[in-house]
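What follows is a set of structures to go through.
Below are two complexes that have subunit A in common, paired first with subunit B and then with subunit C.
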Partner chain A sequence: MVDKSKALLEVQNIKVSYGAVQALKGVTLGVKEGEIVTLLGANGAGKSTLLKAIMQMVPLQEGDVLYLKESLTRTKTNQIVKKGIALVPEGRGILASMTVLENLELGAFHRSDWRSELDHIFELFPILKERIKQSAGTLSGGEQQMLAIGRALLSKPRLLLLDEPSLGLAPKIIQNIFQLIQRIRNEGISILLIEQNAHMALKVADRCYCLETGQVVISGSADELAHSEELKKAYLGG
Partner chain B sequence: MRQIKHLFIFSALVLLMGFSFSNFLGIYHQTILALCGINIILAVSLNLVNGFTGQFSLGHAGFMAVGAYVSAALTTLWLPTLTNPFLMTEIGVNLFFLFALLAGGIAAGLTGFLVGVPSLRLKGDYLAVVTLGFGEIIRIFILNIEPIGGARGLIGIPQLSNLYWIFGFVLLICIWIHRIVSSIPGKQFMAVRDDETATSAMGLSTTRIKVRSFVYASFFAGIAGGLFAHYIAYLNPATFNFNYSFQIVAMVVLGGMGSLTGSVAAAILLTGLLEALRPLQDLTGVDLRMVIYALTLIVLMLTRPEGMFGRHEIWEFFKKFKKSPQGFVR
Partner chain C sequence: MAQFLQHLVNGLSLGSIYALIAVGYSMVYGILQLINFAHGEVVMLGAVFGFWLAPKFMYPVEPSLGLFFAVLGASMFLCGLLGFFIERLAYRPLRKSPRINCLITAIGVSLFLQYFTQLEFIFGAIPQTYPEMISQATVFSFAGVDISNLQLIVVGLSFSLMIILQFVVYKTKLGLGMRAVSENTEVAALLGVPVNKVISFTFILGSMLAAAAGTFVATMYPKVDAMMGTMLGMKAFVAAVLGGIGNLPGAVIGGLVMGLAEEFTVGYLSSSFRDAIAFAILILVLLFRPAGILGKTKIEKV
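Our next item is the complex of A and B:
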């Protein structure tokens, strides 16, 4: 079912700047079908900007983003979501004033079959079902992260972009989240994972890219890089 | 069946309010009530943009002016030239008034669309400045159109509006907006307010949502303008200056951004307060009204910065005591 050699997403030499600051200085990377690819890097390396560039939330200066061989540079963010890429933004992006159910409804109401999909989400995240009427702002950090991921999955993506899902969570919850990430991949959804927690990310990922001040400095299979001295140096910004 | 029941309750309420207000009160109190009603429509509709969608618009009086002038031009300049005998009858005139009101609302909605498309790409203070500017542009524009009176104002508007019309529309628009914001598509407005990035990451077009909320609000403001024009029977562009826009914003903020009943209460309070303080001038000999008005605003904002009702509707406060706290925190 899943063809591992097929390129799902190709990012080709993209450049993005915020005013005078160049955040991405020509980044090229790819995600194949069924893969977990992790993107490591220190603060300010351009990780989140890369995800925003893929979703066309920031304008590209140069380069191209291809999804299933089709350029996304002229597509609006909401259309990209409909094409099958979902983003879980940094800091979870929970709609705090609304209930858990309302958050999920908004993630999916443009699809006709979302109610059956909702049951699937509750199967993945049983805790959300218990809290269905609770306002989302009162959930714990881990629950909020699960809600954000569940909401993204409701749009039935083929590629899920996760921006630091472990941010600010307890180690035990982080383990849960990473187990879920693997489970989502086993359902055939490819994942591009941004992480600061390199140790955990390399455990679940197939391949890894390391960004440093807007450039890819190291890339390779996760197994190789887990033991590489080079990565340690680059990741620490040395 | 339910619809018929609701329609019946609705008409009964309008008739009761209109009847009791116009029969047991003098002209002065009636006018205050009419202004309360018009301000309620303005505050509730602006709340859709400022409260529910989280954008900051400062040009609401401008859209009201569009609605007021378009509907007044129709009834003052066009209606007398029509010779259809049906329009001479009581029903015919009132139907024409309804048509003029809707035309004013649609014109205001269209203006809202034209203003909203370029300006809603901005956020926060920038959006406030741009909408403030557009509100003034609309006013200056009207000021320079000679056929509708220009700076002298438009006189001779037939007094077609009354308390039945005004409170009918107040009820209708409040229910309408309440239904919008409690529907799933209406929740999009609140989603934009809570987190714009997350909303677009969910596959929703934030620009489209913001423009839609702006157009709805302008449409309702236009209707309020039409009701105002045909109640006062005289229009002057100076009425719709930025001061009026600020007053509407004050009502929304005071009532609570995101609370419809809060806007209603604040509109009544602020409109009524200025009138209630009038006797004070006779007692003291100085006009202390604005001082007290300002002090009221300052004290309320210091003690309840989230507005009188916060983001809640009035009935939620009663529910809070009755039901278990599940789902109702804060």
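Our next item is the complex of A and C:
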């Protein structure tokens, strides 16, 4: 069912600036169908900017973003969601004053047939079912992250962009989240994952790119890179 | 006692009009963090449209409830369009500019509409009498308190409209989108909410309520004038701040409090304080409870 050779997302030489600061200096990378690709890098390397550029939340100076061979540069963010890419933003982006159910409903904003999938989301994240009527701001960090992912899944994406899902969570919950990431991939959804936690990310990923000050400096298969001296020095603490 | 109750009744009917306008300020602020100073002018144009249309629908104008509803509906429709174009032409091109630019533009739009309306071939600078579509009559008299049919209609319709608005905001998909955009525009877009459509819809909704308010004011105090929106808009703005700007139930409470305060000031102090009381309230709110009655003080989480 999943054709692993098919390019889902192609980022071609994109450049993005915030005023005088160039955050991305020509980044090229790709995600194929069914892959988990991880994007490693220190703070300020441009990882989040790259995800924002894919979603057209920041203007591109140069380059192109192709999704299924189709350029996204003239597409609005909400239209990109409709086409099948969902981003779980850094800090989760939970709408705190709304209930858990309303947050989930928003994830499926462009769809009318989402209610039948709620059960599947609750199966992945049983805790959300217990909290359904609670306002989302009262959830714990881990629960909020699950809500953010569940909400993104309700938009029925083919490609899920995750921006540091492990940020600020307890180790046990991080393990839980990484298991879920693998499970989501097994359901046929490709994943582009930003992580600071390189150990964990390399364990689940197929391929990996390392970003440094707006440029890809290392790329390769996750197995290879997990043993690479260069990467060890930079991200795995030697 | 009778006098007190009479002021209460008058204050509530005036307050319900302020509430209708205040809700429009609050909605737009909630979504764009913009104080739409042109909102008062939409109220004024709501009355002007009625002044033009009533004779077109029926000449000579004979009092009839049907005519009143037809004029109200047409005026709400036209102001909805006006609100849509105000946002589209004046505010949308500035969406990414600093907030002060939008604020200055809002004042510009407000002045433009005031003076454009004053042009001789549009409406003119001279106040006109609003056509009488409902002949005023006391329908209810109890212990010296008179309630007129106008007051009943105005209060009844204002509250019906606000209940409909509440329903739209809390029970419909577009309302869900509105609340999402007002809480976090970026996240709303990431969830597939068509942000521009939601913003247009908000302006249309607010302007329709403003048109209703303009029609009600002109019906109760039968006068139309190109400058009438300024003071109404200002007072409703104070009402929105008093209730907690961005908060819809707050705007309704703020509007009612403003109407009552004004009516009691006129009744027990002096009618020359009619307008001063609004701004006295504004100063007090800003000094002692800047977030307003129902507003929450925002705690920025890091």
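Please note the rule applied: the second predicted complex is superposed on the first by the 231 of 238 C-alpha atoms of A that agree within 3 Å, B and C clash if a C-alpha of one lies under 4 Å from a C-alpha of the other, contacts with A are read in each partner's own complex, and residues count from 1 in each chain.
The rule is simple: contacts are C-beta pairs under 8 Å (C-beta built on N, C-alpha and C of every residue); 3 or more make two chains touch, one makes a residue touch a chain.
These numbers come from a predicted model, not from an experiment.
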Fit or clash - subunit C, subunit B, common subunit A: clash
Name the contact category of A:Ile127: first (subunit B only), second (subunit C only), both, or neither. neither
For A:Met98, select first, second, both or neither according to whether it touches subunit B, subunit C, the two together, or no partner. both
Figure out whether A:Met57 sits in contact with subunit B (first) or subunit C (second), or with both, or with neither. both
By the touch definition at the top of the document, which applies to A:Val81: first (subunit B), second (subunit C), both, or neither? both
So in the superposed three-chain picture, is A:Leu68 touching just subunit B, just subunit C, both, or none of them (first/second/both/neither)? neither
Who does A:Ala7 touch here: subunit B (first), subunit C (second), both, or neither? neither
Going by the contact rule set out at the top, does A:Leu180 touch subunit B (first), subunit C (second), both, or neither? neither
Partner touching more residues of subunit A, subunit B vs subunit C, is chain B
Overlap of the subunit B and subunit C footprints on subunit A, listed as residue numbers: 55, 57, 76-78, 81-82, 86-87, 89, 93, 95-98, 102, 105-107, 109-110, 151, 155
Spell out the residues on subunit C that touch subunit A in their complex, using ranges where they run on. 173, 176-177, 179-180, 183-184, 186-196
Taking the complex as given, what residues does subunit B use to touch subunit A? 184-185, 187-188, 190-191, 193-195, 197-205, 258, 311, 326-330
Residues of subunit A that touch subunit B when the two form their complex: 55, 57, 76-78, 81-82, 86-89, 92-99, 102, 105-107, 109-110, 133-135, 138, 148, 151-152, 155
Subunit A residues touching subunit C in their complex are 55, 57, 76-78, 81-82, 86-87, 89, 93, 95-98, 102, 105-107, 109-110, 151, 155
